[in-house]
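As written, the chains take the letters A, B, C and D, and residue 1 is the first residue of each chain.
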Amino acid sequence: MKKNQSDTPALSVDRKILITDCEDAQGLIAKITGVCFAHHLNIVKNTEFVDHQQGRFFMRTVLEGHIDDDALLADLRLVLPEQNHMKLVDAGRKRIVILVTKEAHCLGDILMKSYYGGLDVEIAAVIGNYDNLQALTEKFDIPFHHVCHQGIDRQQHEMAILEIIKQYSPDYIVLAKFMRILTPEFVAHYPNTIINIHHSFLPAFIGASPYRQAWERGVKIIGATAHFVNNCLDEGPIIKQDVINVDHSFSAEELAHNGRDVEKSVLSKALQLVLDEQVVVYGNKTVVF
Amino acid sequence: MKKNQSDTPALSVDRKILITDCEDAQGLIAKITGVCFAHHLNIVKNTEFVDHQQGRFFMRTVLEGHIDDDALLADLRLVLPEQNHMKLVDAGRKRIVILVTKEAHCLGDILMKSYYGGLDVEIAAVIGNYDNLQALTEKFDIPFHHVCHQGIDRQQHEMAILEIIKQYSPDYIVLAKFMRILTPEFVAHYPNTIINIHHSFLPAFIGASPYRQAWERGVKIIGATAHFVNNCLDEGPIIKQDVINVDHSFSAEELAHNGRDVEKSVLSKALQLVLDEQVVVYGNKTVVF
Amino acid sequence: MKKNQSDTPALSVDRKILITDCEDAQGLIAKITGVCFAHHLNIVKNTEFVDHQQGRFFMRTVLEGHIDDDALLADLRLVLPEQNHMKLVDAGRKRIVILVTKEAHCLGDILMKSYYGGLDVEIAAVIGNYDNLQALTEKFDIPFHHVCHQGIDRQQHEMAILEIIKQYSPDYIVLAKFMRILTPEFVAHYPNTIINIHHSFLPAFIGASPYRQAWERGVKIIGATAHFVNNCLDEGPIIKQDVINVDHSFSAEELAHNGRDVEKSVLSKALQLVLDEQVVVYGNKTVVF
Amino acid sequence: MKKNQSDTPALSVDRKILITDCEDAQGLIAKITGVCFAHHLNIVKNTEFVDHQQGRFFMRTVLEGHIDDDALLADLRLVLPEQNHMKLVDAGRKRIVILVTKEAHCLGDILMKSYYGGLDVEIAAVIGNYDNLQALTEKFDIPFHHVCHQGIDRQQHEMAILEIIKQYSPDYIVLAKFMRILTPEFVAHYPNTIINIHHSFLPAFIGASPYRQAWERGVKIIGATAHFVNNCLDEGPIIKQDVINVDHSFSAEELAHNGRDVEKSVLSKALQLVLDEQVVVYGNKTVVF
């Protein structure tokens, strides 16, 4: 079992994150934290949210101690309403695979932040449908797979990518300006696991050329949106959004140039939230603890 | 002639704003400022913008001195390309009429800022299709006209409003959460003169109930957009936009409640820009100097 | 007992906020929420924070149900470490007294927001050491007390103010650009109860004329800070800060003019947090839930 | 002569930036742009600023055409007040040398942005007083010089650095978290040429450990400041500042960790402004066009 970084060798303890998601009921916090207490676990941080409109309860609990996963979950199940969802995951470093096309800024930011410790993640591999980002990837001693989409059909291309992804068993897949639309068949393999960056403030400017659309509309702010990928284009649960101010003097190309900064920053922040298990998908929305 | 506020009685000078908008050509800044210099005018501030894609030149010049409007414009016309547009307006206080429905926050903000000098504007009158904002308006000794829309058709209602507006000869008309759609006939009376606040970050969530739309989509940022009104709903030239961060814990009602702060702030900033003659409409966009 | 606004007459329940602040220990969340559950109380919202460095635990719990304050606190005391602090307050509307000098923008914003429901607060009275804000205050049917500081010494002036404040028994006192420094004797009457707005991004530009200081330093951002007042000038626990961008073209006067918007916005947001009992003072800092 | 990127081979033109800084006088814009027009130069962009308090005029003019530097400057000198400053520089790519200590985030950001074209700059060399950033620098095929400060005195260390810098003739020197204070002797070699990033929102938290100071003060916002280096620690003319929101849950270490994002972003934006010749130093302040 992976250990927490601040463990002392003699008294090693686990740090895990428990996500609970169930129908709302009285006493849930008392019951869940009571079970944790009975297991002699320390609660490092606890955050809850109740959607009072839909009567749904969500809680994220960071636990420390000697954790017997099966016993803990079994005891929790006894106190929760039926049809509950629980997720108990190690708080340690996660593994990702990154998909790219031609643009370097989002990939470059993740590579660099990972290099100096700004993002605590293991980048297992980068897959590109062009090969122009291979040199950049390999500077950081990370394998690059070029899976060209030309001369084969969409299904074959996706199958080839899937084959490579599988061999790395990533926790999450990051589309760092991967400019091809994934089929429902592909997405079905990785529900709530694929994170995309869309280069607009969704739902404004869905689809192609959002910066040109923004320029034509004469907006005074542009943005970027990181979201989980589901089967509808640019329609998955939003994780993070941010914006920058622009003015009349920006051409469509300058909007795109300047938009890159907010794209990489939003993707990197969304990735951090996901890696820290702070994001719970709920219908087509997210609860971000 | 209205005088600049800082005039001393003995040595009174005018302060005016010249907006030039014409085809781009070499030497335009030299020629325009040369004419101003020949008229012994001081340039307090000068800002220009060239849309290199469309070959169009824009300049805003704040002039001080003894200004002979007709002579100045005639001399400028001699040096400009044909089909130029010029506007020479007094830099002093402008007069507005405000249209409202039921919500008080935008109206209240303009009334209050005007009261303490945060916004240098003369509010000539407020017109409402309900009467619930009459008391608030009259606290500030400003006439309120209740023009109920019930029992008459749209055309009759707009005619009644137009009649009232005309008697005040406003420089600008402000829709401070006026929730009725104006007809093209109404708008045609006041081209690039009517400022609206839309309670979303346009072009996201055009039309009704943008906060509910935002809640359903699960966005992490909401915004507001101030724009000139033209004949397409929520489609006029954008003057100013701003946003605030929200999260999963906001209900649609809480989004609307919190959105009011950004609505009034954006409307107030847009109004300030317009009153200062910093906004030039250009196609369906604005140049904001 | 004040009732929650959404109560139906037949099935009235209380809504109260419990703030717990004690030494950290294992099982605290389980114990506290367990006591609440045993009292048949519903937890509407629960937020906790542990300062792991200082081993201190903080929790804010919004409770709903038939609350027997004494019994609840007694039972909680049994499960908490010694030297705990608990605060159990009604979630309803709070009463404030506002102190002003000459500037209208912060007072005006609170009056207006309160008028249209943007801030749910009872403004019991306004006290000014000048009388120029009397007319504005009385527009909103709120009593204004002019307590001139001239011709009397500081102690007498503060005594006169204290006398007036006492008769209103406010929950909080708001210094809305009250430009006199309060003595420790005055402050001692209202610990963690007086909220001040300082017109700079503290700790930059402590003391007088912060906008002039900012202009001289050539900063590119200015800000405002809302804090509780303690005995050190501009040194109390910070509740909220915000900033706006400025540039070289702003004179010191224009910085001050533009700074008013961020001052009133920060004060209003800080006041909202305090009124909602989201702010816990802790040493010279705040935990803002 | 370096050519503009968009030049066509047949009709090559220069693009240069003229910065004028002189006593204010009537007709300056007309006179300067008149001279440019007489030289058959096209003004791509023109921005002016008058400090009316100090009676000083600043203008930045982007010129295109066949530019005879000496003739143009001579003709301009004839129309300007005495004691004017003019700077006529090529608009093309500039060369920088970067100084670092141990932290990688600012260096990494500049390297990466330069790699993918987010920052149009030639990084001639990196100099570090430790060698741990050598590997990162060399990934991008840029020479790294390790100039250890141990075992030699400050003067010797600075002389060694100066020797290396000189051989690259940089336009600007960037201190990308270079944690040693430069002596006035060093700075005197490169007036208004050395750009530093300070890890606080100056003038708050001058000097060492600003994040710890911020944590102890309990601020709700932290920032970073990019400034030119002069002879006073953290006191040079400010180019750019930005901030991020923090809360009570951040430890001093987490403030520092999160502050890295705003540090690198502010440094990168300031560098872009300087490289584009948009920054004019003026006393201890900057005009940023």
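Here is the rule we go by: a residue touches a chain if its C-beta (ideal position, glycine included) is under 8 Å from a C-beta of that chain, and two chains touch if they have at least 3 such contacts.
None of these values were measured; they are calculated from a predicted model.
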Set of chains whose contacts include both chain B and chain A: C, D
Taking each chain's C-alpha mean as its centre, the one farthest from chain D: C
Centroid distance [mean C-alpha coordinates] between chain C and chain A, Å: 37
Interchain centroid distance [CA atoms averaged], chain C/chain D, Å: 42
Multi-chain contact sites of chain D, meaning residues that touch two or more partners: 52
In the complex with chain A, residue positions of chain D that touch it: 103-105, 108-109, 111-113, 115-116, 118, 136, 139-140, 257, 260-261, 265
Contact footprint of chain C on chain A as seen in their complex: 26-27, 29-31, 33-34, 36-37, 40, 42-48, 50, 52
Chain C residues touching chain D - in the complex, by the definition given at the top: 49, 53, 201-205, 217-221, 223, 237-243, 247-249, 251, 282, 284-288
